[in-house]
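Same chain, two partners: chain A is paired with chain B first, then with chain C.
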Partner chain A sequence: MAPLKHLEMENSIIDACFRDFCASHGILTVEDFLLHDLYELAAFAEREANADRLKEGITVMLSLIEVKCRPLLNGMELLEDLQRNKHTLSSGDNGADSLLQGGLREGQLTELVGPSSSGKTQFCMQASASVAEKQDGRVFYIDTGNSFCARRIAQFICGSSDAAALRKRVLSRISCHTVYDIYTMFDTLQGLEVALRSQVQMNVNEYRLRLLVVDSISSLITPILGGSGSQGRALMVALGYLLKKLAHEHNIAVLVTNHTVGAGESGKTKPALGETWKSIPHVRLMLSRDHRNSNCTISILKHTSMPSGKTVRTITRKDNQQCL
Partner chain B sequence: METSRLPLSSSIRGKLISAGYTSLSSISSVSSTDLARDVKITESEAFEILKMANQISGSSSCNGRSSSLVNGARNAWDMLNEEEALPRITTSCSDLDKILGGGISCRDVTEIGGVPGIGKTQIGIQLSVNVQIPREFGGLGGKAIYIDTEGSFMVERALQIAQACVEDMEEYTGYMHKHFKASQVQMKPRDILENIFYFRVCSYTEQIALVNHLDKFISENKDVKVVIVDSITFHFRQDFDDLAQRTRVLSEMALKFMKLAKKFSLAVVLLNQVTTKYTEGSFQLALALGDSWSHSCTNRVILYWNGDERYAYIDKSPSLPSASASYTVTGRGLRNSSSSSKRVKMM
Partner chain C sequence: MGEHEARGWIRSDETAKQMLSRVLGDRAFLLLPPLHRVPLRAGNVVEITGSSPTAKTQILIQAAITCILPKTWNGVHYGGLEKLVLFLDLDCRFDVLRLSDMLKNRLLEAYRIGNGAWWQLEESNVKTQDKSKIVYDEELYVSCMKRFLYLRCYDSLELLSTLKTLHYRIRLQEACGSQVGVLMIDSIGAFHWTDRLSSSLALDKNNRKSLSLTNVVETIVQEMKKLMQVHSLVVIATKATIYEEKYPTNENNRNISSHSDLFGNPSSKAQQPPFREFMPSSWQAFVTHKIFIRKSDDHHKSLGQQNLSAYLLEWLQPQLSSIDRFIVDDVSKLSHLQVLL
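Presenting the complex of A and B:
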């Protein structure tokens, strides 16, 4: 948290004298100030020689904090924001779109869960191609398993007219970044946040970032999770909230993939990363593929506005590959 | 002193440099709040500086185009062009090459698994020889690292395969001689063996240490184009009591292999054993190390017997359709199984 002395530059009232008074009560940072009993502090300030000045300092602090407070939104404003800024993006797959009533929602974190080779990466690449082609949005793809394949994405582009130019246009809207550990991941996301904030300020009218893909988030988190310490869990939650913050503030649909682990002796599987992570994604989809007849199914495990358990068959992407 | 390139007032620039922010990367890696605190400027000023630093370092990395949002991010269009030029390592079996899209692809981590005796080690040796086929013959002209955990690498066998490979190249030169003056095959089987860097690993601690060391080793030996681990599983199947820890260690190792593959544009081939897995009331064969591990590789190839014939099946790949092909292991190495097409195509 920010120490109090940084406020001095803009507010002369918070001088060394005021800070000394605060420090004598164990207040060194803005956070300490927020946690302290303010009536008690005011009562102590009365007894000091320069009581007026100190009390003025407290008032200034309170007003500063008030300004920094997040603005209030009422329900109507929220609804308006939803209708204006939070669109649904087609994932490029009719089955999934009908299941999700339109596709991936901007401002939400959607998680794909499934065993190995169930089509998670294919879903991510298809959604990237679809968003870049049909919604004119930019896509930021964070790849942790070297599985991003531009050639495969090019196969998902379905426009017929002027194929080469379209392909170039669509593909140049997708940028890919490889990340191999969680610390680089935080760096990347913070860099992205700065870039997005400066874009908003400069009022850049080019294509907006609409989809952020992380494939896969579990391979970054698994090496740090578990054991005795809780550090890994803290990083995982921090990453989840950073993604959700990005999604909310910049109206981005976030798509992450997670793998499955065995649950008990029965041979059943459940999503990895445990109960703590479970509360983070808005929407959780389970992908599965039957290896005998290669049917792909998607089912809802968790959704903010739909009952869980709905299932839909999708095109089998593996077989679909050659004809495109 | 990169900071001096930023269009800033001299007082702020002085403050930045005296606070230790001399390079652009040092600036762009901190948040604006921290920068403001360290340099004693207002947060909005710090934000402006960050923005400039990001713009400049972004534009210098991609030749003046401001197409990427974040440093290091690549555009899919550029990647497409690059992917098409990416070399692949042939397996000497054209049917297998066909389903692999031309061979084992560089920049990927490919896992190959199967029952004992199916030919995993043979594929490993074959690849460590084939990666050295010179560029004139459609190869990579690289070197190989062979990490042996089981002690199954047979040097006589490697020599045999190397001799066969040189003979094939000579035959190919003789065949092409009429069309253009191809140089004589300079390569000797001995040279091939010299360029296989062999590590024998006797415990999982050694294995982890070696994987951590590989980055340095490959920077010193630039031409390494394939890393073969035979097998990734061996030490991890016995010495571990804590399975959760095993998963953590393995997934970290997998990420390191990914990083190597990307950084040096080389192929990583992990050989894996099989185990039985209890699903839906019956025991089935599956690759070892469990569900979490199955996500750790880019491509997964499963080798199996079909009657008397050996088959390879692509179980997982982001870019290839699932398909299977048969192959045989001959005295000369891996070859097509059908007797009709004995000749190895090296183009």
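Presenting the complex of A and C:
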């Protein structure tokens, strides 16, 4: 929390006198200020000897808060931002691309749900290869279960000529980070945010980060959930918002995976992480696999602009290897 | 005080007729489909509850479009309110493409209906009119999109600072012409868990208010009340259920229970909402209208289309005995199927 004292440097009106007045009403930080009824505070200021100066201080505080607020955008400005900065990235899988009308969208968080061995990690690696090869983007791959495999990614690269050089170039754009708990996860993401922000300021002319993969996010969150306490869920929501913020402000497509759990006695399965997590992803895709013929189907559980329930059958994963 | 000033002070500000038209203008009933069962007026706070996904944002966007469309434009009737919409996105997953597509759809539809009447008058023109040539009015589209104002917040503090300064910003926007008609919040419980966590961080000294859930929500309600005093607004907020559904979702069961309520004690249903309430009492007291949406068990099959989920919309406050059943189709259009009694 930012103490009011720190504001004095740039705003002389927030002096010791003003701070004393605020402190007498329990306001020590900017956050305290937000919780207070300012009309009431101004009425209290009226009773003081230096009422005008105090009221001016309140106005200055309010304008400081206003400066920090995000601007109001109208529909046309939103559309312009979308068309200029938020492109769709091919996931490398034709079925998924046609289902999603182009692929993964920058600025959005896409969640892949599926039981074990339904092809979630394969999908992530294929998408990484595709973004690094075809869209010249960098990929930040967070691996929480030691399932990242560079050799497998290399298999997804299907350039025709000069394969070795291309493979090297593509793989160098993918960075893998192993993270085993949610606190390291926050560290990693905050580090990434700082790096991205300084990159924007320095205007570095290198390949832009376009895809952030977390495989799997549920293995980070599940251990902290459970019980009636709110701490685990608060961390989960905070992580979700951090990912969405990164996605939106830096125009990154975020892809996370989640496993399934059994739902009651009916024998059905449902996505893990429960009811609260449902409000986090923009797009939720369900992967399922028929093990007899190794056919994969992808269906939309939730999409911001499509009705849920659409399904597509994707090519079998074995076919992909023939790409080599 | 001079005589002139005194006369000016005594002289009435407006005639009764002027006042009536002003009041009726300010406090006019708004019919915002699909929430048209109950007419809404400025000052109302509507809460739409449902688990995700139950087309809550969809309903907001549909209502927003009615609000930003003009009543008529170049002789075509659009039936809108021509007011600004303020959309506070707390879920941070609003997709402007959907708004844009739905708006285009509405414009084309209204245009088609408008022209249909005209075709009947002049039959000779039917042949010359090429169907593919029908396009929406770009100028109208842009002016509608500009009436949609959007703001996103990543945490409660951002929401609080937004609300604190919203009055000034609304005034700036209203200076351009239209008034703000609806304030939308999607969704109000978004920061529930993070706020609950900060409740446990006690601030012991100096009678400081802690950033607890109750305090934060209380302040949000307070700021919104202040906003509604100076601007005539309808507030529509969605609320995602954050607990697993423990009640039977079978609609037959629900119907039976609601009918038995009619004979038994009608208040029992109001006391027991079909979901677990988690918002603090300050918010619950602020809400004037409550709607509950849930997924219907049976899917709707239409020709050439895949299964589309159907949803059931129920008014809890004021309590209506009818339940609307609707689907969301491919073009993100929400269509009413039937009313279940």
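As a working rule, the second predicted complex is superposed on the first by the 318 of 324 C-alpha atoms of A that agree within 3 Å, B and C clash if a C-alpha of one lies under 4 Å from a C-alpha of the other, contacts with A are read in each partner's own complex, and residues count from 1 in each chain.
What we mean here is this: a contact is a pair of C-beta atoms (placed from the backbone, for glycine too) under 8 Å apart; a residue touches a chain by one contact, two chains touch by 3 or more.
In this text the structure is predicted, and so the values were computed from the model without any measurement.
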Between chain B and chain C, positioned on chain A by superposition, is the outcome a clash or a fit?
fit
Which partner chains sit in contact with A:177 here, chain B, chain C, both or neither? Use first/second/both/neither.
first
In the overlaid three-chain picture, which partner chain does A:68 touch, first (chain B) or second (chain C), both, or neither?
second
On the chain A superposition, what angle, as a multiple of 10 degrees, is formed at chain A by the C-alpha centres of chain B and chain C?
140
Quick one: chain B or chain C, who's touching more of chain A?
B
Where does A:198 make contact in the superposed view: on chain B (first), on chain C (second), on both, or on neither?
first
Go through the superposed model and pick first if A:282 touches only chain B, second if only chain C, both, or neither.
second
Would you check which partner chain A:95 touches, where first means chain B only, second means chain C only, and both and neither mean what they say?
neither
Tell me which partner A:259 touches in the superposition: chain B (first), chain C (second), both or neither.
first
Working from the superposed arrangement, determine the closest approach of chain B to chain C, counting only CA atoms, in whole Å.
15
Chain B and chain C footprints on chain A meet at residues none
Enumerate the contact residues on chain C facing chain A in the complex.
51-53, 57, 86, 91-101, 142, 144-155, 157-158, 160-162, 164-165, 168-169, 173, 187, 190-191, 193-194, 196-197, 206-209, 211, 215-216, 219, 222, 226, 240-244, 299, 306-309, 327-330, 332
Tell me, which parts of chain A touch chain C in their complex?
23, 26-28, 31-32, 34-39, 62, 65-66, 68-70, 72-76, 78-79, 82, 108-109, 230-231, 233-234, 236-238, 241, 244-245, 248, 274-276, 278-279, 281-282, 301-302, 304-311
Chain B to chain A touching residues, read off their complex
28-29, 31-33, 36-37, 40, 42, 47, 50-51, 54-55, 67-77, 79-80, 83-84, 107-109, 244-245, 247-249, 251-252, 254-256, 258-259, 261-262, 277-280, 290-292, 294-298, 300, 315-316, 318-322
Sort out for me which residues of chain A touch chain B in the complex.
2-3, 6, 9-10, 115-117, 121-122, 125, 138, 140-141, 144-154, 167-168, 171-178, 180-181, 187-188, 190-192, 194-198, 201, 209, 216, 218-220, 222-227, 259-262, 265, 267, 269, 272, 294, 318-319, 321-322
